[in-house]
Amino acid sequence: MVFVFATVTSLKTAPSLSFSKLGCSKGGRQLFKNVDCLLEPGRWLYVAGANGVGKTSLLRMVCGLASIEDGDILWNDIPIHSQRETYRKDLCYLGHLNALQESMTVDENLAFTAALGGIAPDPAQTQEVMMRFGLRGRGRQLVRHLSQGQKRRVALSRLALSPARLWVLDEPYVAMDEAGVQLLADLIASHLKSGGLAVLTSHQRVSIGDIPAQMLELQTK
Amino acid sequence: MKTIHWFKFSSPQNFYFLAGKMWPWFAALATALTLVGLWVSFFVAPIDAQQGQGYRIIFVHVPTSQMAMFIYLVMAGWAGFGLAFNTRLSGMMASALAPTGALFAFLSLATGSLWGKPMWGAWWVWDARLTSTLILLFLYLGFMALQASIDDPRRSDKACAILALVGAVNVPIIYFSVKWWNTLHQGLSVSTKGASMATPMLAGMLIMVVAFWMYAIAIALYRVRNIILERERHTDWVKHAVA
Amino acid sequence: MTGASRPIGVANVMLAVFKREVSLGMRQKGEVLTPLVFFVVIASLFPLGVGPESALLLRMAPGVLWVSALLAAMLSLQRMFATDYADGSLEQMALSTTPLALLVLAKALSHFVLAGLPLVLMAPVLGLQFGLDTRALGILMLSLLLGTPTLSLIGSIGAALTLGVRGAGVLLSLLILPLYIPVLIFGAGAVEADAAGLGIGGHLSLMSALLVLSLFFSPMATAAALRISLE
């Protein structure tokens, strides 16, 4: 009884992401190996490295999109492949692509991606988020008619509406202007302050408020 | 008795050398058995009253169609094993088997034609077995085409595994539906049970089946060695082995 | 944070996928109508190839119409996953809290509604061209109605396996057509059996069995194939 109580509390209060001897190879070449890391709530992991070293592969492995050949990734000390359903509830991924259907409106897209996450967001909250990202009044507009930067902001709105505690962001600053960069940094900062975690890659040097980055430098040995 | 550590051979490197030692033996067995089988089929088995000498082709036709079917199931088995346990070698074995299976399917169709011409006067009849073997050939070709069109070997192994498993589940359904179609339309039948099956005939066919089986193993082992060399060409042991 | 958002059940997520596909199909009517036109064109090619002799056409009709429907249904299989793969939506579906197999099921059923149902409705019109009587037209529609969902379900496996691959269109046909053969045999066979005065109960129950089997197993195979394609 006490054990069950303790497990439930630990799941709810302090999630952690850790890598254990993680390795990756592509096309017969070993990209990186024996990578260890521990990420705690309120911290963000900045994955750095040269082009082609496997940053995107690492992030896709964290999401469970790419299979893990060497080593393990653990969420709450449990390997992610043995808790797929639970893990996905806590995961939100923003990759290079926006995951927006061009022939649908902004509202429809946000409703759909929220549904994939298993929730129907509150309309008032959606409005508030869209306003924050400068998309006010564009709800009924087809995504096709938005600029690249605006499409990226719709993708960020998806992030803001997600209840997930772990955010995995692959070069989120691409196609964003300065104002957008600031909005995103603030968004991630508030996410981290409420106990969330984030994994990030970017070509530019990034600062998230006053929260220091945990660095992970990938190198091909 | 010393325990054999089977898992040692699940690494491509170790299997490469094991297969190198094994395949000549299987090739020798295959050659020997084929010669015996052919001798039985030509000289020992009696002339069939109705079909004359031409029926002797069934000693190749029936074993090849059985092997085509059997190899598909083995291939699907290896592929499924590789998918479940994430072993690289299983996918390579499945890829090594596919061309041989396709060859047997094709031979079965060719020998069926060669038999059909003197029997029915036509190069092709829509017999249930021939039609099913034709569809099996399509399944093999599909497997090989999918493999060829995906560059990443890991991805192509896994994708082909799904295809092989789906195909394996469908093969009985296809056989059943083609049989149904054939009986409904009262097509001609390439009958292998026309004459009563004398013991020498059964023995001859059995020997040929085993001979083809040995051949299939020999050629698959030989082919998988080449696949291993190609896939693992970045590793040190391959560079030593090839030098 | 997400104070007032409420969780939604699996069935509602599947419905959301279904509605999205159907509304996209409605907005891109050209993509939906092209296979239907293709159906009409192929079916019309046969009389042009074999001559307009009515007895021959009547005899050929069930098989020809079934093969044409099958090919037309196959044409639109690629769009099941290709657009979502290209814009990143497929990744999000793979990361959904709802099992991917269920989302695939919703997609395959929407494909049936957009691609299969129009064929079912168009078939009688073409059947008249071949001289089929009313009863035969009815059986044809029924067999297509039972068969086209199976075609969408089995086809989804091929679409998933060939995602982003060179020559995907033709490769898809090569992979899928052998698997379509049982459905073809029983579907066309039902119309012929009825014309010959034999019962169609056997055919229809076999087609229903195939439908149930593919309802259970193909979403899982497709989901596995999608994850492999996404790696």
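The letters A, B and C name the chains in turn, as written, and every chain counts its residues from 1.
As a convention for this text, a residue touches a chain if its C-beta (ideal position, glycine included) is under 8 Å from a C-beta of that chain, and two chains touch if they have at least 3 such contacts.
In this text the structure is predicted, and so the values were computed from the model without any measurement.
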{"item": "Between A-B and B-C, the pair joined by more C-beta contacts", "value": "B-C"}
{"item": "Centre-most chain [mean C-alpha coordinates]", "value": "C"}
{"item": "Chain A-chain C separation of Cα centroids, rounded to whole Å", "value": "36"}
{"item": "Chain B and chain C: spacing of chain centres that average the CA atoms, whole Å", "value": "32"}
{"item": "Inter-chain centre distance, chain A versus chain B - centres from mean C-alpha coordinates, in Å", "value": "48"}
{"item": "Touching two or more other chains - residues of chain A", "value": "67"}
{"item": "Shared-contact residues (touching 2 or more other chains) in chain B", "value": "none"}
{"item": "In chain C, residues with contacts to at least two other chains", "value": "231"}
{"item": "Chain B-touching residues of chain C, taken from the complex the two chains share", "value": "157, 161-162, 165-167, 171, 174-175, 177-179, 181-182, 185-186, 189, 192-193, 206, 210, 217, 221, 224-225, 228-229, 231"}
{"item": "List of chain C residues in touch with chain A within their complex", "value": "1-8, 12-13, 16, 20, 23-24, 27-28, 83-84, 86-89, 91-99, 227, 230-231"}
{"item": "Contacting residues of chain A [partner chain B, same complex]", "value": "27-29, 67, 69"}
{"item": "In the complex with chain A, residue positions of chain B that touch it", "value": "86, 152, 231-235"}
{"item": "Chain C partner contacts - residues on chain B that touch it in the complex", "value": "135, 138-139, 141-142, 145-146, 149-150, 154-155, 158-159, 162-163, 165-167, 169-170, 173-174, 176-178, 180-181, 184"}
